[in-house]
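Letters are used for the chains, namely A, B, C and D, taken in the order the chains are written, and counting of residues starts over at 1 for each.
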Amino acid sequence: EDVQNIADQRKIAIDKVGIKDIKHPVKVSDRTTGEQHTIANFNMYVNLPHQFKGTHMSRFVEILNQHEREITVKSFREMLGQMTERLDAESGYIEMNFPYFVNKEAPVSKVKSLMDYDVTFIGEITGTKTMMTVKVVVPVTSLCPCSKNISDYGAHNQRSHVTLTVRVDSFVWIEDLIDLVEKEASCEIFGLLKRPDEKFVTERAYDNPKFVEDMVRDIAARLNDDSRITAYTVESENFESIHNHSAYALITKGFD
Amino acid sequence: EDVQNIADQRKIAIDKVGIKDIKHPVKVSDRTTGEQHTIANFNMYVNLPHQFKGTHMSRFVEILNQHEREITVKSFREMLGQMTERLDAESGYIEMNFPYFVNKEAPVSKVKSLMDYDVTFIGEITGTKTMMTVKVVVPVTSLCPCSKNISDYGAHNQRSHVTLTVRVDSFVWIEDLIDLVEKEASCEIFGLLKRPDEKFVTERAYDNPKFVEDMVRDIAARLNDDSRITAYTVESENFESIHNHSAYALITKGFD
Amino acid sequence: EDVQNIADQRKIAIDKVGIKDIKHPVKVSDRTTGEQHTIANFNMYVNLPHQFKGTHMSRFVEILNQHEREITVKSFREMLGQMTERLDAESGYIEMNFPYFVNKEAPVSKVKSLMDYDVTFIGEITGTKTMMTVKVVVPVTSLCPCSKNISDYGAHNQRSHVTLTVRVDSFVWIEDLIDLVEKEASCEIFGLLKRPDEKFVTERAYDNPKFVEDMVRDIAARLNDDSRITAYTVESENFESIHNHSAYALITKGFD
Amino acid sequence: EDVQNIADQRKIAIDKVGIKDIKHPVKVSDRTTGEQHTIANFNMYVNLPHQFKGTHMSRFVEILNQHEREITVKSFREMLGQMTERLDAESGYIEMNFPYFVNKEAPVSKVKSLMDYDVTFIGEITGTKTMMTVKVVVPVTSLCPCSKNISDYGAHNQRSHVTLTVRVDSFVWIEDLIDLVEKEASCEIFGLLKRPDEKFVTERAYDNPKFVEDMVRDIAARLNDDSRITAYTVESENFESIHNHSAYALITKGFD
């Protein structure tokens, strides 16, 4: 008989148990092309009531492999339900982290190139309630207002990572979240820039200086106006070009 | 005048703002030797009320450098207070992550060698309340009860990381937390083992099989009995020797 | 005019210059299914003779984006030639690192599941000579012969990473290299194992103990017999289940 | 009897065998303060002739723990000799990687703060010959000459990592290598900068634009003039503020 099925006497329930860091190819819905192929890293957990000794680890992998290379947002929700049901659990949790590509147009030359963004879908079932959270890391340029203000010429600028985590109750494209962040940066960034583009982004950033505090506030202001978003956290980490550490800011709203 | 001091009109307060990922040498209290030198990575944040445009980033670094190479748990608490005060903030947060060494004795030969553990101190001030959280990652051996049970000989085993995060209201040695975890593993691990030690740990693990679920439950049971600990999360990640992914379990109690 | 095209007076040639850490979707040839979609990380460099001030960074990105989501081994070689030519260079270097999936069958139940392997293609042009190097990281189980020998029961075992780097002068499937390594491990590993499979792999590893030294020697012996391989390095890193460090061994042959 | 000592029939010698990724506290010589405490990560290998089945892994850890918290450049050389001798090897290799701190003075205000650098010592014995290699990663600011040239105002700049690897035949301070790199960057970076310092570094970088190619060439020119250095590799990776990838260049000389 299964060791896992032995009755457990310790009277201690487990909040999350399952598999972590398993890679799988997936397809993700793409606003422009319909869908795109990518590779995801999965964490899949359920709760375990106190009376059971162990969960069935192999079932998590079976569920993942059933859908093979066709995982979409729809099948992601299905997997979440299936997993919770097949493991006789009351709560379930799936996290799926993947690089996502957008074919961006350079601002002047209009040449196109792919930019990658780090995206995570988190699905949670608790009893009859399902919650979806989307997290996107958007790399941008930030230019320091203080440095611009006090210097006779130039201003330090750097790559920053803006991490936007949103709870949604209706459909939101990944690209919608990316656009929202990029519009509020000193300047958005690109894979490929020709000379007139490089002039454009240099001057655009200089015309549009933002502290790490400005970045998270301006993004928060836009999120406050978006009715699809019920809770959010916005973080910015600026990899300072004049220091060996980062400047960081965070605003959170609606997560209890 | 300082750009940072300009009045801000956006009416959006910032939950955390400051510096991230700055390294600094520190001294940490050691149960055996009094103290040990190590290197820490710091994150230091305060809140920023809606009416201020920016915080003063250089003050965070000044506070860190005042204490130079002498940061202890005591000065960690002082730094937290100082930072919150000097930045006119209502809340403050410092996270300090460092490798910590314990000089362990092998089980049979009694030869000594250092083992490193990844430790994090988190201090938070909210208004007049101060909270201290300690997190320790303890690497151990786990041996699978199911594999032992169904096989004629042998059993798969592997390195696991047990992460213990505790909120404390009285003093707890880092070594106390490490001991607590190591006693509940299939076997603890060591830097240096002679042949009789290797025989000992091999047989000890085989005699003491534990699922990832058993590990977190047995540690939770001991934490439930420890009055110094007001809240905890215990996680175990087993880097399975028969898979390319981890088995994972988590129990949490007392964090709201 | 282009700053890059100014004549340089320093008389110092540059060995490699280009772009690093750029992600791009690719298609890779698959022995079973024809091809698979994955995501690669690229480094692309050329040499720069002493008389030129700078290379043209945007051309590297253009070359990468021309092939968009259709990069194969064939187009990888084409890209290498194109890059070297378009940048007027004498030597060129492209490194492409990606996760690669194999749909493996469990040893007893025959259930199928995907396993991921970390693969790198390195292409180098020097003058008229082109060299192709393939690197595969194969995760396996290793079981310690000494631990088995001295213990009354059990034996410590763990996940190991075998890294095989080969220079080839005729076509070799990624799967051929993976198979070669997996046959020489204490046991190969799988995404999904049912109970009879778990019994099988536990006993198979116990019946087949190997030191880190045995692993690299047994793989080297097979590589010595493979006429397609003109040079190799084989490394094994065992993430010891009884220590917090790795055991490591390396054999190299034919790289000058 | 030791399984390791059994005669091996495979006729395959092993180039490197030993332990990898073991952490240990160390003391390192410091040009200003005499010495500093830090934490190092060690890789320690020897060769293994074809007739021996295995090396003695525990001896590596013993050698490391003998010197406990007092490892210096001197004891590093001693350890290398001891290890090679105690393991009856013809060749030995030790790699020791650690964060190193320099107390830097801000350019105008002269306030002091620590900056961390990633340093590696590599010692190799082959027969009777000993070679020492030192590697330092120096974070600096780079400012793009093209962006400055084509833009009406501003210029993109970013944090860059310059990695200098040198083979030395007489003593060189870590600080000497850091100084050499920092003088050739668009601007050096600091932990703590007051407002007049921030103005200084912003303008200094703008006055001193450098391509990734310029950075490695200007450093190579200085290395060519330094008689203590018998071989070098200099690399620069610029974490571009306008792209999500890096610009990279490498010059190497004297390593065969």
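In this section, contacts are C-beta pairs under 8 Å (C-beta built on N, C-alpha and C of every residue); 3 or more make two chains touch, one makes a residue touch a chain.
Note that the structure is a prediction, hence the values are computed from the model and not measured.
Peer 1: By that same contact rule, can you tell me which chains touch chain A and chain C alike?
Peer 2: B, D
Peer 1: So what angle, to the nearest 5 degrees, turns chain B so that its CA atoms land on those of chain D?
Peer 2: C-alpha superposition angle, chain B on chain D: 180 degrees.
Peer 1: With chain centres defined as mean CA positions, report which chain is farthest from chain C.
Peer 2: Result for max centroid distance from chain C is chain B.
Peer 1: Give, as an integer number of Å, the spacing between the C-alpha centres of chain D and chain B.
Peer 2: Comparing mean C-alpha positions, chain D is 28 Å from chain B.
Peer 1: Between chain C and chain D, what distance separates the C-alpha centroids? Give it in angstrom.
Peer 2: Roughly 25 Å separates the two chain centres.
Peer 1: Nearest whole angstrom, what separates the Cα centre of chain B from the Cα centre of chain C?
Peer 2: So the centroids are 34 Å from each other.
Peer 1: Among the residues of chain C, pick out those that touch two or more other chains and give their numbers.
Peer 2: Where chain C meets two or more other chains at a single residue, that happens at 2, 22-23, 61, 116, 146, 191, 193, 195, 244-245.
Peer 1: Given the complex with chain A, which residues does chain D contribute to the contact?
Peer 2: Interface residues on the chain D side: 115-116, 139, 141, 143, 146-147, 150-159, 187, 189-191, 193, 195, 198-199, 201-203, 205-206, 239-245.
Peer 1: What part of chain C is in contact with chain A in the complex they form?
Peer 2: Going through chain C, the ones touching chain A are 2, 22-25, 36-39, 58, 61-62, 65, 68-69, 99, 101, 111-114, 116, 191-195.
Peer 1: What part of chain B is in contact with chain A in the complex they form?
Peer 2: Contacts found on chain B: 2-4, 8, 10, 12-23, 43, 45, 48, 53-55, 57, 61, 145-146, 149, 211-214, 216-218, 220-221, 237, 244-252.
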